[in-house]
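We just call them A, B, C and D in the order they show up, numbering each chain from 1.
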Amino acid sequence: MTLPTPLTGVVPPVCTPLTPDREVDVASLRRLVDHLTAAGVDGLFVLGSTSEAAYLTDGQRRLVTETVAGHVAGRLPVLAGVIDMTTPRVLDHVASVTAAGADAVVVTAPFYTRTHPAEIARHFRLVAERSPVPVIAYDIPVAVHTKLPADLVLALAADGVLAGLKDSSGDLAGFREVVTGSRGLTGFSALTGSELTVDSALALGADGAVPGLANVDPDGYVRLDRLCRTGDWDRARAEQERLCGLFRMTGVGDPVRMGGSSAGLGAFKAALHLRGVIDCPATAEPQVPLSQEETECVAKYLAGAGLM
Amino acid sequence: MTLPTPLTGVVPPVCTPLTPDREVDVASLRRLVDHLTAAGVDGLFVLGSTSEAAYLTDGQRRLVTETVAGHVAGRLPVLAGVIDMTTPRVLDHVASVTAAGADAVVVTAPFYTRTHPAEIARHFRLVAERSPVPVIAYDIPVAVHTKLPADLVLALAADGVLAGLKDSSGDLAGFREVVTGSRGLTGFSALTGSELTVDSALALGADGAVPGLANVDPDGYVRLDRLCRTGDWDRARAEQERLCGLFRMTGVGDPVRMGGSSAGLGAFKAALHLRGVIDCPATAEPQVPLSQEETECVAKYLAGAGLM
Amino acid sequence: MTLPTPLTGVVPPVCTPLTPDREVDVASLRRLVDHLTAAGVDGLFVLGSTSEAAYLTDGQRRLVTETVAGHVAGRLPVLAGVIDMTTPRVLDHVASVTAAGADAVVVTAPFYTRTHPAEIARHFRLVAERSPVPVIAYDIPVAVHTKLPADLVLALAADGVLAGLKDSSGDLAGFREVVTGSRGLTGFSALTGSELTVDSALALGADGAVPGLANVDPDGYVRLDRLCRTGDWDRARAEQERLCGLFRMTGVGDPVRMGGSSAGLGAFKAALHLRGVIDCPATAEPQVPLSQEETECVAKYLAGAGLM
Amino acid sequence: MTLPTPLTGVVPPVCTPLTPDREVDVASLRRLVDHLTAAGVDGLFVLGSTSEAAYLTDGQRRLVTETVAGHVAGRLPVLAGVIDMTTPRVLDHVASVTAAGADAVVVTAPFYTRTHPAEIARHFRLVAERSPVPVIAYDIPVAVHTKLPADLVLALAADGVLAGLKDSSGDLAGFREVVTGSRGLTGFSALTGSELTVDSALALGADGAVPGLANVDPDGYVRLDRLCRTGDWDRARAEQERLCGLFRMTGVGDPVRMGGSSAGLGAFKAALHLRGVIDCPATAEPQVPLSQEETECVAKYLAGAGLM
């Protein structure tokens, strides 16, 4: 399907359920998609950071995109991450995910290499030139160690290179610059990647949100989005604060024993497993699994939020 | 061939010559291998950072390894980088490069994801378990944004997980800790990735060096290595200082116009082109090419070093 | 005077006008205070980062505090920064500014040294124990290279160690955690240090704002604060966006020629000079002054905002 | 006394012994100076990072300089750190330490503020202009979060602004560029601040070393320096490796409980206390003290090195 212009609402970055052997669990993935669509989300983003794209082999990435695009069957737009280090490698992923049915690709700045704004611009231009579907920039400095400058994003948007931005930088002021600067540009969607300031982002003009926690509580984020759209800011704030409380589950993993990805993605998958959506909470290697005790903490967060 | 224990001497990270269309230039790659082996290097490292591994597609990576391993035909050990974000993706590269003839694989810490020492250890253990050839750790914080702790490297070495370390961290004190701590371990090779302190590294006990600049002046690095081995430290220092002067070519690229990878790799390839070793100085996308003027500066450095 | 609990509204971090010889220009400082109080601000913050506290000698710091506290004469609360590396040095500043009339002190995490959450907590506890006035934590990672963790701030707030937080981290999600977590604590004020997301911060429950740009346009920030308090979010957003546009003056300084402090503080002082508030736009050494051309750009921003 | 040109040999950064009340322990400080001079060191550096300069009040700093300069009485050159954020504050310290008898001042790049190479150059030029004694640049990115570029240091050296460099960056390649680039410049001293690569630094041409661990084992570093000067590189390496082993005492502090400064300076002071040089091992606030158990580990390192 054609990407809506702009793309609005809630577009969860879809977790990738794995089997105990760390293969893609297709049945669970379909159930997760059903869980999200039933809540009324507005699109799906596969192969993002929350999807453990960095941990999936090329074969697994293809299978994920085919599964989701096939299962959704055009009812919702499917965005696909094409996360890799540089232009030639990203272009291979573009070919793969678009063959598998993706309606847009989500592209980070180059990483691993020492990059530069001029190279970042060149990267996006080359990818857009050769991509059959629209390109959305993915600003995620915690992963790629470069912040996309707002003026660069706006220049590329004005030239028609970028169809949107997913901002996972945590820098709301920079995001605001893109939101206000792109206001006249039809066909550009400004999406926040935050779980915790969706109300703030929508209030200042963002088109939508891509919150990882929406895997766990898609109804909450859909509700939050609708409250913001109707200008019911007090109830929106209350809903957002409830979701902020739920998000604290990402802190149950012991930082002496594991890193932030293991803790955060482990909590999301534990919650999906506890809620009965996926069969197995395993995260990809080399992530450290949550302990039994940590998983019980996740359960308490779910119970506290009325989700169990 | 079996990896020598320890691997000593000069092991250049082999540049990947490209055609103007950014395909692997197989004929130039073979000539570059001949240029290096004629100088008496002790091994070859393909698909490292200097090889633009981050920019090569999987197909190109395979072609590079096949070409070099085939051309070398067992006369020298061929190490291959398997640079990717996490364990499952690295394992795919391990399968590919070992099928293509690599004698060892060179593995970084996970990147893009937020990692942790426990996850890094798990990563190396899993890769080593499933790799048919020895695993050498690649410490390159400028690229992966994590420094491999010396005690972690030594623990993995003691367990037989790691067969060596290529240290491109620039932290000589940390490298020294690995060198002295691994002294009793047969089968562990400590290699410096520096161009500029090879004499220092060998003086404190390193087994060998993997200097990118050895593409341009392999004779210089072989000479330096031999002077160090015979304890002729004064002449070694003079040779090293000459090479430090030559290395300044990596600074000719204008930092307002390009990043450090473009400038450094651009200079190496310009030099190889000017010296007649490769047909085309192109670097991979999205790197910014050197200007004509900048290329002339590279020529001056070569002339100054008696290499033209 | 006693610090209001909570402290609400607009509390500008007062610029420190200098003479061409880089001495404190007392007359201009008094005029600047009048300019701010006339606009209806709710407090004044001297010796913050915007005040160039890092550049002022101890004698100059004392003179600034005495001048402002004396001129305000209890009509408004005066907060004073006590910016220094560690506890003993900060305590000397606490003694100095409280003798000079400050109603509260604003304290960063230790810097220059390699610090730790346990040491940061100990630092705030010791300073609070020995300070005759309330202590407000100053979260400014761009300067001190440590982020104050929300749970540490909340624990210190619960213990009565901290009377507030000035958050200049740019991390709205972390700030929100402090705002919601401290909601029950009378006597704790959560203040944003952002110029660009004051509406967002107030919407999620912040007590007030400490925006450097309020030196240039105090009326705008007071208006913005009042619109937010009355829940007129649409007009608040429009006012905030106007101020975001004005803030772009901090980008007129050429980044090839100067750093961010020179550019930002230079623009604020140029604007105050152009508006006739201060006699001389000089910034402290070793900052690089704006050029004539860059100053003209500042004038254009002022004209565009109807401030000239 | 006039600073030797160049300044060579071992110049320990002198620890600042404190009483249990965290006042300067003058008697212990004199004993520490005697301990160092008896070992044959070539100069003393007070108010450096190892001296806890960041933790000392201005009064304490003055007392330290007066005590050491008075006690040394011209037998050795006394260098004094003037560590502060910017030019005006540094100049106040320059006045204070030179009045107290310092023979040279040691100056970092500006910190806390966002700085720039042009501002760093301006800073050093202004300080040198107004300092009655020579200025040595102090490159310590771990503290000030900026690396001094080698070409900037060399340009300032060529202009007579800088009389030397103390390099605590850990970047031996960058230090080498300064060493070789300044070879023709009489009156410029290149000093390494490393404890762990003194032999490497001297081998490539450094004039001397400023190792914090020399407080604990000054004889070892003097021996190391003499071995390097006579070209006895094998025995120098053995001595250096012994000192590297001793340096591991800086790792006894539990990183879950304290930061790197607490652990490192705590170990040095515990060792000086255990060796009977100083009366009390206290470090300044807000550092976390070593536990009894951690102190016993320090004792074991001393015993292992034959120092108890």
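Simple rule for what comes next: a residue touches a chain if its C-beta (ideal position, glycine included) is under 8 Å from a C-beta of that chain, and two chains touch if they have at least 3 such contacts.
Keep in mind it's a predicted model, so treat the numbers as computed, not measured.
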Common touching chains of chain C and chain B: A, D
Rotation in the CA alignment of chain C with chain D, degrees, nearest 5: 180
Numbering shared by both copies at the chain B-chain A contact, with half separating same from different: same
Mean-CA-position distance for chain D and chain B (Å): 35
Chain centre separation in whole Å, for chain D relative to chain A (CA means): 49
Residues of chain C touching at least two other chains: none
Pairs of chains satisfying the touch condition: A-B, A-C, B-D, C-D
Of chain B, residues touching chain A in the complex: 22, 49, 54-58, 60, 83, 85-89, 91-92, 110-116, 118-120, 122-123, 126, 142-145, 257-262, 284-288
Residues of chain A defined as touching chain C within the complex: 170-173, 176-177, 180, 194, 196-197, 199-200, 203-205, 231, 233, 237, 240-241, 244
